[in-house]
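Each of the next two complexes has chain A plus one other chain: chain B in the first, chain C in the second.
Up next is the complex of A and B:
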């Protein structure tokens, strides 16, 4: 019975697409169905997380073999603690974004397939988090991307078309590289099922495979996933795309689809290739595992992302530009602990690095969604997002200002908000790495984390001073702030505060997720890819 | 290594080179062509990953299977993968073409560098 819960979120999201598409001639019903669909999605994810991971008698992980085909022949959906944790993030952001969309995006635009597309985005994200098959991961990525292209081009102005075109060309290139890696891995390892890959790579001689090409092929994967995650040097599509998309969708793109890139890195490099003996033969890469190559690359990309994102955000003219650059920097904060986890040989630090990245991902998803939705409310009320034309919003709407403040403070990392724990763990992972293995890379990472934290304070302060304090210009004086939107923001800030205050269960969930991420053998046991073995 | 593999490697390399060259052009339509060529290059690579053998009489089912035992066939999995990838690539290219036309309407030019 537990298996059915694994596929439930996917089915619910698909039904959401169908239902909102069927009801497109009845806008009111369609909006209600869209919101109801997201609530049902959140419920399905909650049930999955409870029955598979959190309940006292939960198995910890479950697999659903689509169509009843035994692994490794069919496509397997796998829900372990890591997948469940990421799905919870997606459900929280999705629910808030749909609730806000109904008020933020104007009615005529909502009728242009906004809701079916949004649920399509949820389908792609859910599939990516659940799938246990490498090629299927590619397909879900494409589902997610096709929808995002349309969302980036949604408003149909020249800058939207330009942003969408750039986004599309870059991602087609990324997908082609991903396909190369998939094809190469299939030819090398002889399977696409991730659990089967773990099994075959752990004992290559017994399965008659030569794992040497795996090292190079995984390097291709690093490039693709870094592009999806928007890490420097693949970040240049981010500001354009996030500013072009409707703001609630930008929240979803920054909060969830970016995390899909990071999730794919964690899942493939730690769970699947974690124990593979197939490194690249380069003089400056020690060790012979795909992780040895991942560590320096991810550290360098994380450092560069924090710098580019931080300085870009400090120089941003509009709230959405500032937030778009900020999300480049914040992904750097997620990349560095993953790099620490990849570099270390200590099992506890490896797990802790992943844990830090996961908690930070949760925090960033919540805080950035709150801020993007606040930006949408400001845009809707005043007609502008330019910091120079704003001011005095704190006097006009204290609840809106309060929500923005909670988001900003969480981004900075003030206790007891969620962001505090995110920052704390990321710094702790980085410091533990520097203490156990002193080296230039670790020191540089730590120094940039400090600088990034300072830059975060600088740009959030700038947004606060520019938008909320000071004299209210005429645009703000005339502004009519929608109470329903503010209610969504207040609810979301309550979540940010609540997750910080009641952090213990969240910590245990993230800890279980990190344990699942580094434990390839448990993954194999769950999927049971023995269908292909001779009896 | 059969000669076919070497030819295929050359073809994949050539297609990727051509695709990359086209994507870097200023003319938007050429960029779309580049996108199309790149996806096809990945598809050719994918199909060649199924393994290539010399086409003998008993490798082709329709020649040998009539009446006789079913012969060994090429790897059908990569063919299924390629079909999926072709469909996805087709959709993406179609969307890219639409966006190209839209960009042309907005800017009255196909040259990316003359965009506002």
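Up next is the complex of A and C:
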């Protein structure tokens, strides 16, 4: 019996695209189908997570050979705890974003392919998380990007077109570099099936692999994935693109699409290249291996992201600009524990670093979605997002203010919200690194984490003071706040609180995901790519 | 570009392109070809007709129907047909992938059957991959021609 549940989220999202396209002449049915499709998607993801990880007798991982072709030849889908964890994030954000879109995005614009594109975004994200093939990962990235281009240009004004064009040019360049790296890796390693790559790289001499080009090509991959994740110095597309896209989609881009970049880094550098040697001695990097190369680069990018994002957000004029910069900084918070995990030689700290990054990614996805959707509600009700023109929203709509407060407090890291555990683990990983191997890089990382936390308090306070307290200007007085949107926000804040209160199962899930991320041999065992060996 | 030279060239070349496109589509399972390249070639043929005769020719010249003037390019009957082709193709592609699942095989699994003793052809290989290819063909033709005519209309 093939394990159909592995492919289920992908098929459900694909059918969502078709269904919403077919129904585009009946807007009401189309919206219902879009919401229903996302609910079905969340159910499929839940089933996958249950069958793979959470059930008492779960195998921990499952491989799925598309079209029945055996492993190194066909395309393999691999659902392990890491993929399942990321899919759960995507499903949670996707569901909230679609539910909000139905009310937030105006009717005429929803008819213009909004819903099919949204499901297309889900298809791309799902494929990226599930695939066990490097070239296929490239294809899913492209699916995701093609849809994102349309969404950034969605409103069609001059500033949207400009943002979309910048986004397009940058990502076409990034994709070209990615493709170059994929081609190079195929030429040197002789396979693109990730499990097969693990197997061959663990014994490079037997397969005639020259480790030096592998090291260089992986450096190219770091660049592309950092571009997708919006890490400094590749962050400049982020504010424009997020402000141009419809706000529920911005939530999806910040909450999920960015995480795909971080996921790709974790999957490739820890699972696939975890044991590979780079074979070149770089003067300033000890113990030449792709991971050793990743560590200082990611640390530097993480530090720069926290600084640029934090200061940018403090200076933001509108709620969405503030949130866009904030998401640059928050990805830095995810990058630093990954860098710690890459730098360390201790197996337990490596696992813990990934765990911290995953918990932080979950927290950021939930909190940032909540905040972006609140911004959408504010925009819809008052017609503006400028902090200078807002004020007094707390008196106008206490539930809306409450949702924004929960999101902000979670971003700051106040217990018992999800963000508290995210921050706690990120700091713990960083401190453990500094304690075990004192060094300038680790200290700088820790110091910037502190500074970043302070900046987070500063800019969330600023948004709160500007938007919710004080005298209500006429725009706010006249505002009609949509109760359905507020209901979505309240539900999402309940999730943020609930995940923090009932954190134990989430911790075990994230722990299983981190274990899967660093265990290349279990990955190989799941996929079983032995078909490529000459007999 | 609606010169006599262009029209004459189109008249000769378009049928040849269409036949080649069709053969590429049909042989795609075992030989070079397939839905994508067949679809692109078909688009090229129709683009040639557009260049030679203009956007309304398929409606007025081929199908002999009235063309309503004044409506936007998105309401143009040909463009609507292209969009339907695109959606239909996508549904066929998804459906052909799911078909394997209903036989408890992995998603996208294909099968074939060789029919023997067919007059003239002797034997024909019927493949389920052809259904997938036809879906891809429709997506490519519908999508590319929608873009082409909308951009061309502006």
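The rule is simple: the second predicted complex is superposed on the first by the 529 of 535 C-alpha atoms of A that agree within 3 Å, B and C clash if a C-alpha of one lies under 4 Å from a C-alpha of the other, contacts with A are read in each partner's own complex, and residues count from 1 in each chain.
Quick note on the criterion: a contact is a pair of C-beta atoms (placed from the backbone, for glycine too) under 8 Å apart; a residue touches a chain by one contact, two chains touch by 3 or more.
A quick note: this is a predicted structure, and the numbers were derived from the prediction, not measured.
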Simultaneous placement of chain C and chain B on chain A, clash or fit: fit
Which of chain B and chain C A:21 touches, first, second, both or neither: second
Contacts of A:156 with chain B and chain C, given as first, second, both or neither: first
Touching partner for A:11 - first (chain B), second (chain C), both, neither: second
Touched partner set for A:67, first chain B, second chain C, both or neither: second
Touching partner for A:184 - first (chain B), second (chain C), both, neither: first
Partner chain(s) touched by A:176 [first = chain B, second = chain C, both, neither]: first
Partner chain in contact with A:221 - chain B first, chain C second, else both or neither: neither
Between chain B and chain C, more extensive residue contact with chain A: B
Spatial angle chain C-chain A-chain B, Cα centroids [nearest 10 degrees]: 40
Partner chain(s) touched by A:165 [first = chain B, second = chain C, both, neither]: first
Nearest-approach distance, in Å, of chain C Cα atoms to those of chain B in the combined model: 8
On chain A, the residue positions that both chain B and chain C contact, one per complex: none
Chain A to chain B touching residues, read off their complex: 135, 138-139, 142, 146, 149-150, 153, 156-158, 161-162, 164-165, 168-169, 172-173, 175-177, 179-180, 182-184, 186-187, 192
Residues of chain C touching chain A in the complex: 86-87, 90-91, 94, 97-98, 100-101, 104-110
Touching residues on chain A, where the partner in the complex is chain C: 1-2, 4, 7, 10-11, 14-15, 17-18, 21-22, 64-68
Footprint of chain A on chain B - complex, ascending: 19, 23, 28, 31, 34-35, 38-39, 41-43, 45-46, 49-51, 77-78, 81, 84-85, 88-89, 91-92, 95-96, 99-100, 102-103, 106-107, 115-116
